[in-house]
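The two complexes that follow have chain A in common; it is paired with chain B in the first and with chain C in the second.
Presenting the complex of A and B:
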């Protein structure tokens, strides 16, 4: 294994391949930067270029892009308060308030540093999983996958800030919206009104953009000022990096969590940032500033969303089961390069697999550094007056939304969901639980249906199911406990 | 400073416009001798980029440009949605039958037509295939089930459980095969798995003990299990020959077909409506698993030029070398083989299709099928 690893590193470090990796990285940063465009779009743009390449070079290009989308998407999340891709909404929660306070550079520094570390953790997890991937995958049957969806759904109360009830209600509405389209298990369409567009459900990118981005744009226009209310770019990236180093355990924890959730196919890696954010909030001390500009609220999701890609590659490469839109296209790319994903990736094609690990790690490091170097220039966006900036952004977002299925329904729902999100924002209803419910509606229903049809009620007593159940209860209890402690400390502080 | 940032923004917008606009329509027309001289052939793919069908036809792209008379530039356009029905509908309803736009389909585009989903506006019998890529199906079980050959499925020592996706997709072939063999009561079919990859995972983990995969997926994912004694092949779904009969899968000549199993169990050749329907499905979904089509009323010179171009393309040594990964051990259907498939497709009776719709409605409560 060690010899293969070194050989693969030499292959990856070939100057031509490094060049392609940097090309992938630049596309990844741009795609991440443009709101609404995410990994799948980047993949489809690069796919035609890989014809005739050898697998190592082709992978350098594709993995270079994938690795860095979730680093580049931090820019709009922090600077504009709109998600750069569907995996970076949670960063907005604290990154955007920091930018408003004029500490954008600090938030970006912390985010990029966490992204680099998270991405490397993802690559290490991928490497470690190579020999044990098979038994690992076999540990997750439908009952376990159902319990993991419930673990994600249990976050809705925490993500709601001060009103868990509203969070649960919003989560329920999200799940209801998630049922639109073909039902898993039976040949039925729900709420499609005989409209073909809706048979696949609402596209995630449209949902996320409408819910989070459009409301922000409207408010920016109304206020008619630049995003940074102080009018200057305070804070230093170095400070952000220091903050991140201080919270090294949080990065490590978030990274491992991101890789593990990314590894489980069908669970919706797109909410991994929220799950990481929610757990951080449930288990850390003094979380009363979460949502108002706590640097840890930036570190947790950013450490997780880069690590996710490493995890998501495990089932893709070893089993040919893609866990996300991006990896589904990557699978097609592998075929074009003459590599068939599956057990062979551990045998004949092992060098390709290991080169992917290296590319993933190196691209995360290089890409993160590029972002840090660019940050100063790009941050100036938050100084532009809203009435000059917003029209550009809205056009980009409309285009991003339209990329989902290229059907006019994308645009309609972008606007409808945007107005809905705007109303929620102003009535102080949390939007994150809505998204979590929406994403997890289908997997939770699917795996419940499969568990019940296969095992009746017997699955409830599987040891692994009980174990995940215990984790859910522990996390919920920790959340309640932490909230009580912080309330008590706050009262103490007020008295003295 | 401000101006610089604005310039940057404008640059970004142009980049995204370039990214968004994948296609530009070319005016119709055509020369007398070489139809595609100076033209652009657009291939409409009703799936998103990167899927199996997309990869295959993108692989074809350069070879088509090289071998089709007149060297047309080839452009791929993805119109995903509705499980590929949206794109295929768009092709027949909205695109000009001028020979400058072709449609690529996979089995999942064909099944909705065969079972008669009401959303479908295309009739495959009215399109002209240019090339077909075959892909078979193999059904296999785990050694723990105690079943060692297809005939034993009639009286299995323990409950047989098969993981499937939906009774409106490619699973319909399996439902028909079970109906023909009379084992639909012996096997419990659990619908709801996300796709063939997910059902294979459920099999490997012991949640199910019966599974099927396409020929290409079987070769790369299941054959290693068979070699390790963790899976036992039972039968293939076979292929249709020029006489319209089921014959062995060319990639797995040693594994018996559904027909062989039937003959072994019942001592006679299968017949009846279920069998006719089964053969229609095998002919279309296996024989022409992935297909490139032109409109039924496209210019004859276009159809000729493309068919000839593809025939020389698939004979290219480079093409064959790279195609192994994309096509598995199957040879593309061109020339006479293609003619046989076209005949088989055209001879599918309306009554057979109606029988399938009624069967799915009555046995599996499928709604939204032709009445």
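Presenting the complex of A and C:
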């Protein structure tokens, strides 16, 4: 394991991979500071460009972006009081009041430093999960892998939106869309209308770009807002960093909490954020200034939301269960790079897994440092109105979508799925379960087919299958409970 | 139009699509059929539950007081969708490079309200970057009916 870790570090430190990591970091910062975009949009923009890359380089790009979205999203939260992504909602509570008092730089400094430490904690938790996950995965067969797919889908479907019925329904629709094309194990083309383009199914990059990115572009244009009205940063970033170091145990605790909660599929950034904020408020001394500009109200959520990514990668990489739109696209990205998530990530592809850990840690460190050093310049960019940035993003998206199969169908489906995604967003349908269902459709069908062929219906009574069923119920109950706590903290925050 | 009416229409549309998908799945070969067929059935049950829930809310007048959709916002949404569809059609007719140049220039002039003296060099620089990226990353783009 140690030898693999050192070998993976050497691989990650290759200059070309570092360059791609920094490119991913840049995209992550931009996506983070444009309100409402989030990880899935960044992932879907980068996904088409990883075709032809080796797994290490592709992961450097994708993980570099994912790691830093929750660092970049602090800019609009602090400067404008608008969350950059779902994982920075609680940061507004004390970050925005600090900015109004002329201490925006202090808030940003504390947030970035906490994000660095939190992100590294998430990477460490992911690394520690590898030796624990290995014996488990070696014992799993196709019935257990099928049940894990159901676990992922049921968690995301139930917890991702406000309506569990719509969440599970979205997951089912995603699975149906995932069956378009050739059926596994039998010569049948499903739902293709005899159109050659659809015989290989809908490309993931087009699906993700259309579903997540295009609706956000439309909304950014309609709202016509900029990130910040002044671009000026009052106060001192160094003071913010000192505040974070003074509260090191708060960062550590929030980071561990973030990684643990991130492990549960479907909970998402906003839950992590609010739970860590609420816990800090309830457990720290002298919290009467929480909500009015207490720096600890910035440190706690920012430490947790970066750590969450490390936790979320555990079920994604080790069990093939994506817990969110971002990790679903990452899973698809791994497939495009020729890597299958699941047991193989701990065997033949263990170097790729460990390289992801290193990339996560390094991207958080480098990205946090970039944000600290360039905070003033990035804040000036945040004055640009969204309608000046969106046409360029649309061009990149069109270029990216077309690279999937280099067929006109890529562009047509990008627009069609974009309109469908926009309607889903505005009619309160969760989109993450749709994407998770889409990604899990064919693997689930294969595992089910193998299970039925080998065991008939007997596999339903295997002890490990029953145990995973019990875990599904337990995690659902825990997830619902944590969602309630998060909603309670959010309502308290809104009232104050 | 209210959001709840649109939502019911959306769910009703999904219901019809799911019925069709289940019907199609029943006609596939057996091994290819059971997965999409049973998933469709589960989805149909859930969409019926969703429709009933929505109709009950409307009947009991439990809808949000922000239910009415703003005409101004609807107009803006349709406008930007037409911009993107227009961009796609331009690519189809005159190819990606010329289509992108025309789309970007028009958007910067008409929507972003940039002056011509800024919009033209920005468009030219963007096309130059696209060409460079295309070379480095071996990207391809669609040619239109005129073959460019």
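Just so we're on the same page, the second predicted complex is superposed on the first by the 274 of 496 C-alpha atoms of A that agree within 3 Å, B and C clash if a C-alpha of one lies under 4 Å from a C-alpha of the other, contacts with A are read in each partner's own complex, and residues count from 1 in each chain.
In this text, a residue touches a chain if its C-beta (ideal position, glycine included) is under 8 Å from a C-beta of that chain, and two chains touch if they have at least 3 such contacts.
Treat the numbers as computed from the prediction; the structure is a model and nothing was measured.
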item	value
Partner chain in contact with A:49 - chain B first, chain C second, else both or neither	second
Partner chain(s) touched by A:176 [first = chain B, second = chain C, both, neither]	second
Touching partner for A:328 - first (chain B), second (chain C), both, neither	first
Contacts of A:392 with chain B and chain C, given as first, second, both or neither	both
A:186 touches, of chain B and chain C: first, second, both or neither?	both
Chain B versus chain C as contact partner of A:403, first or second or both or neither	both
Contacts of A:380 with chain B and chain C, given as first, second, both or neither	first
Partner with the higher number of touched chain A residues, chain C or chain B	B
Partner chain(s) touched by A:141 [first = chain B, second = chain C, both, neither]	first
Touched partner set for A:428, first chain B, second chain C, both or neither	second
Footprint overlap on chain A, comparing chain B with chain C	185-188, 388, 392, 395, 399, 402-403, 406, 449
Chain C-touching residues of chain A, taken from the complex the two chains share	49, 52, 163, 165-166, 168-169, 172-173, 175-176, 179, 183, 185-188, 190-191, 214, 217-218, 221-222, 385, 387-388, 391-392, 394-395, 398-399, 402-403, 406, 408, 411-412, 415, 418-419, 422-423, 426-428, 444-445, 448-449
Of chain B, residues touching chain A in the complex	1-2, 5-6, 8-10, 12-13, 15-17, 19-20, 48-52, 54-55, 58-59, 61-62, 76, 78-83, 85-86, 89, 119, 161, 166-168, 190-194, 197-198, 200-202, 204-208, 217, 220-221, 224, 322, 325-326, 360, 364-368
Chain C - residues contacting chain A, complex	3, 6-7, 10, 14, 18, 21, 24-25, 28-29, 31-32, 35-36, 39-40, 42-43, 46-47, 49-50, 53, 73, 76-77, 80-81, 84-85, 87-88, 91-92, 96, 100, 103-104, 107-108, 111-112, 114, 126, 130, 133, 137-142
Parts of chain A lying in touch with chain B, wherever the complex brings them together	30, 33-34, 37, 40-41, 43-45, 47-48, 51, 137-142, 182, 184-189, 194, 196-197, 199-200, 265-266, 319-322, 325, 328-333, 335-336, 338-340, 342-344, 377-378, 380-381, 383-384, 388-389, 392, 395-396, 399-400, 402-403, 405-407, 446, 449-450, 453-454
